[in-house]
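Pasting the structures here.
Each of the next two complexes has subunit A plus one other chain: subunit B in the first, subunit C in the second.
And then the complex of A and B:
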């Protein structure tokens, strides 16, 4: 009897320990955590934004050369979308990969549903969207991106610009097909609405912070496509018809990221394509209001959470520079040198700091956005995307 | 030698266990947690918004009859501001009160600084603001709300409408003095800017989601006072001059909460004072655009995070009703009965649910905001304020 009791007791101890001993930061809030994607090593650095420190490193995530990350509703898990089709669920508290599936041959990002229960992945090869249970990554829906070409043949298209929208919907674009699809996951079986002939080769997209406007950029022609999700019956409309490479065919080193658009007050701030300009448009009628000269081809144009500043990163060869613009005066107030090959910027949730990755300097620099002084520098091998857990609580992020 | 090793091993085990075994929800993300203030019992219910369940109860928090809550930067701790001047720091993971001070005789809410390091409390008695280290609640600054009355005598004033603003600033109003003060905590010693003669008896205030506009309501006269924090040198301005009780002197059962204002697109939606109306104002020039008839005197007018709906709660005697307005058509789309004496509403971060407290029905009802169906009902003794941890990441919340 005594012996049996003893063994039960040690069993309990072991159980408790195995759930508790795994990482240095097991016990703690997850509101000030984040991850840095380290593309060369296929690893994730887990960071703490209160202390500006690395707290863990997670390896074995495959090819992270164009990886993006979403967070679970409880801000504990990161869903990592690898370029090689790998989808991994990482526990930020233990540093463990709790689930992983190779879900396609080539993928380009994902989204998490409004209720946090579903994770969707946009795939290039085979073209389509796969939707998984966020708990265990079990497949819930497989939606091939099929379309009819000019000869009436059914083809599959690469999927780009996948975002979540209110009402447990996912919205995405089909590159070859020139279509936008909206999938409603509240229905018994997923219901899809297709918008065809939206424009030539949509290559990326964004959704505004309220989740109402889905805007896709076109690789094959100038202009942008807007879908008002409050009025899907009205179809898509074309906005900013001159947005693009235009006739001059300047060398475009890298197409700008649409998800980097800044929304400041009633204005949208966006990177011009190929030109050394940041554009300002009116959010009511999408008319172009201003063009602000900058030092290179802009890639990310992001607003500080209080909308007073816009921070701009650039394409090669001017990609060791970040410029800061005052949204009221529209003047450049600072030109900073965070390192070689700046790839991404992420603001802390209330905007006191910004973290900037410089791939070829193997570091992430943290700036105070008020003083514009460096407050910390973290070593990181080929850092690219930086993502903080407050994204879990925002529409479209 | 063997014996010593053994005892070291068990010491390690105990240490690990004591840091890990304290509560049912010790190990977990904190992004989907929240609290319900239970005013009759002076307790806090800790809730999980993914499972719509209570997960813990914390007692011993004193008089919570008009309590409010802010969250630490890591979303692990709740700072509870009691009516009796008690300030408590509660660990949501362990359910323990980790620090508590009786910092005044009577207080009315607080704020947490942009960087998360400071917690400020607005006090009625003695009138002023006290600022504490968020780590251990050690006093950092004690700022009496002094002013000169008409006879040149120095008096102390009650402090109301305390909010945080970008740049580690706190902004608040002095009820008797008719002043607004801005305290900059980035300076070596706190620096204060005073705005005098702003209007008669400011009684409550709000700051907009970008942290730019501070708006105070006046108990002693009609109209609202606006301070543009981007241009403090320009002083305050008066907006919506007819906002208030007016000449008719209708019976006002309860002054509406200003912090409940909804900002939807370029419009501000606000509760009329004493009238059965919700008002819509243009955020550019603060002109009144529309008056929407509702079923009682509105108290809270809050927008769903995607800004498509505005939810309205009411003063006695029509306070068992909540109405939902479509922000585009400005029509009432639903009239719901969540229970007796509805006191507060809180949306989940991305807006799929809203939690509504009904004090005299001893329950909190959770609605799906799309279907407007009840999805859960939680027992709670005299529930009032409901606060979810994503507030940690928002300016002014």
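And then the complex of A and C:
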């Protein structure tokens, strides 16, 4: 492979020297590449964020409903986690699938370790986490998510909110069990620390950009649960309990997502469950600072990389709208209509653009985040998740 | 006598309404309902209905319910679980159409 690359490089040099302008560019970086998951066709569009164009299409990735993507630390390979338990490694430069395993019956997402050597997958069926060598996707560890139910029977739980944490650890939550598990991958065999009774039905989680705080949202009750990874001995802490103040919840037609949760300055911005509100909490004591009324139930609450704006997408049926909130005034400054059934938003690494997928309009719209004007529109069949390679170098993404 | 007449009239119109149920839904709305099943119900039950945070919805499992029972479950949800009631978004006949689709036109056998 190295040999081929070298010869291609010298070929390029030769064609340059001979003055030929039409030689294909065979070398390229990946820093401005990304992927769009096309869920209905089970394909991945490889995109270039400098040119706002599709550059390749990768087929044969199985069932990509609710698929997510992580990147290798060299930002060349995308690990694609399919709903059907398929785990694929895709070369962004060649558009080839270089490794693929069917590792479970039903999975929800994954994470890559701090050192880049391990890829972990969160599975619903059978409930647990499997860990693979990121080079060839060989199985390294299989960790069933077991727990004791109220009758003392051992059960397996669906795993949600799997993230990487500093110290080559993985952290995840158990939906039915109401537990958080931390797996340390430094030893010969994985070492697990279990936190029980963390709250009812954790449905998703995030780790803050510093990698210190793991926070899981609770579906079965108001509030969230926080684990301080600097002080795991202190156990978990409930935060924002009773944020609904006893009001009746609206029916939740779609679970909010916590990944990409906005941290703006010393504030954490997050979606309320079953309410048309974005919650703002103080990061020092996790007290509720504000509840910002929005036009529907928030799904993604994401801050622009400079933290001046927070962008919010919504659950069915108010999901053809995206709202932009100024983090300083906490006022909604724009309400945009990117298309029908908006599923995901992704900022370019420094935040001048945001890409927004609209599933039922079969398009991805790129907005300038300063002018809030549309700058490009890409055709994409049933697009869902959008992931750019700068995630390769960020904790928890 | 006028009471009886009114009762009969009411009975006939109720019968007509029941017969007209499925055909009252426009083809466009049926298309939207199908999208709703595979995409929005699919956020929890899987786009191929093979399950996710919610259980798989194969035809076999759906047929264990009566059509009315399943439509009722869709409208009311299941308290204590993540299954919401859809009555704010769907009419009774739309829920019935979805129930019938899951029982008869469901691509997932078991």
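The definition used in the following text is that the second predicted complex is superposed on the first by the 365 of 397 C-alpha atoms of A that agree within 3 Å, B and C clash if a C-alpha of one lies under 4 Å from a C-alpha of the other, contacts with A are read in each partner's own complex, and residues count from 1 in each chain.
Everything that follows uses one rule, which is that contacts are C-beta pairs under 8 Å (C-beta built on N, C-alpha and C of every residue); 3 or more make two chains touch, one makes a residue touch a chain.
Source: prediction; values computed, not measured.
A.B. asks: So, A:125: does it touch subunit B (first), subunit C (second), both, or neither?
C.D. replies: A:125 sits against subunit C, while subunit B stays out of touch.
A.B. asks: Between subunit B and subunit C, pick out the one touching the greater number of residues of subunit A.
C.D. replies: Residues of subunit A touched, subunit B against subunit C: more for B.
A.B. asks: Which partner does A:83 reach: the first (subunit B), the second (subunit C), both, or neither?
C.D. replies: In the superposition, A:83 contacts subunit C only.
A.B. asks: Does the superposition put A:289 against subunit B (first), subunit C (second), both, or neither?
C.D. replies: Neither partner.
A.B. asks: Counting only touches as set out at the top, which of subunit B and subunit C does A:230 meet: first, second, both, neither?
C.D. replies: Touch status of A:230: first partner only.
A.B. asks: Applying the document's definition of touch, where does A:201 land relative to subunit B and subunit C: first, second, both, or neither?
C.D. replies: The answer is second: A:201 touches subunit C but not subunit B.
A.B. asks: Quick one: classify A:251 as touching subunit B (first), subunit C (second), both or neither.
C.D. replies: second
A.B. asks: Name, in rising order, each residue of subunit C that touches subunit A in their complex.
C.D. replies: Against subunit A, subunit C makes touches at 35-36, 39-40, 42-44, 46-48, 50-53, 77, 82, 84-86, 88-89.
A.B. asks: Looking at the complex, which residues from subunit A come into contact with subunit C?
C.D. replies: Residue list for subunit A touching subunit C: 39-40, 63, 65-66, 83-84, 106, 108, 124-125, 158, 160, 175, 201, 203, 219, 251-255, 316-317, 341, 359-360.
A.B. asks: Tell me, which parts of subunit B touch subunit A in their complex?
C.D. replies: 13, 16-17, 19-21, 26-33, 49-50, 71-77, 92-93, 114-116, 166-168, 186, 210-212, 230, 265-266, 284, 305-308, 328, 349-352, 370, 389-390, 392-395
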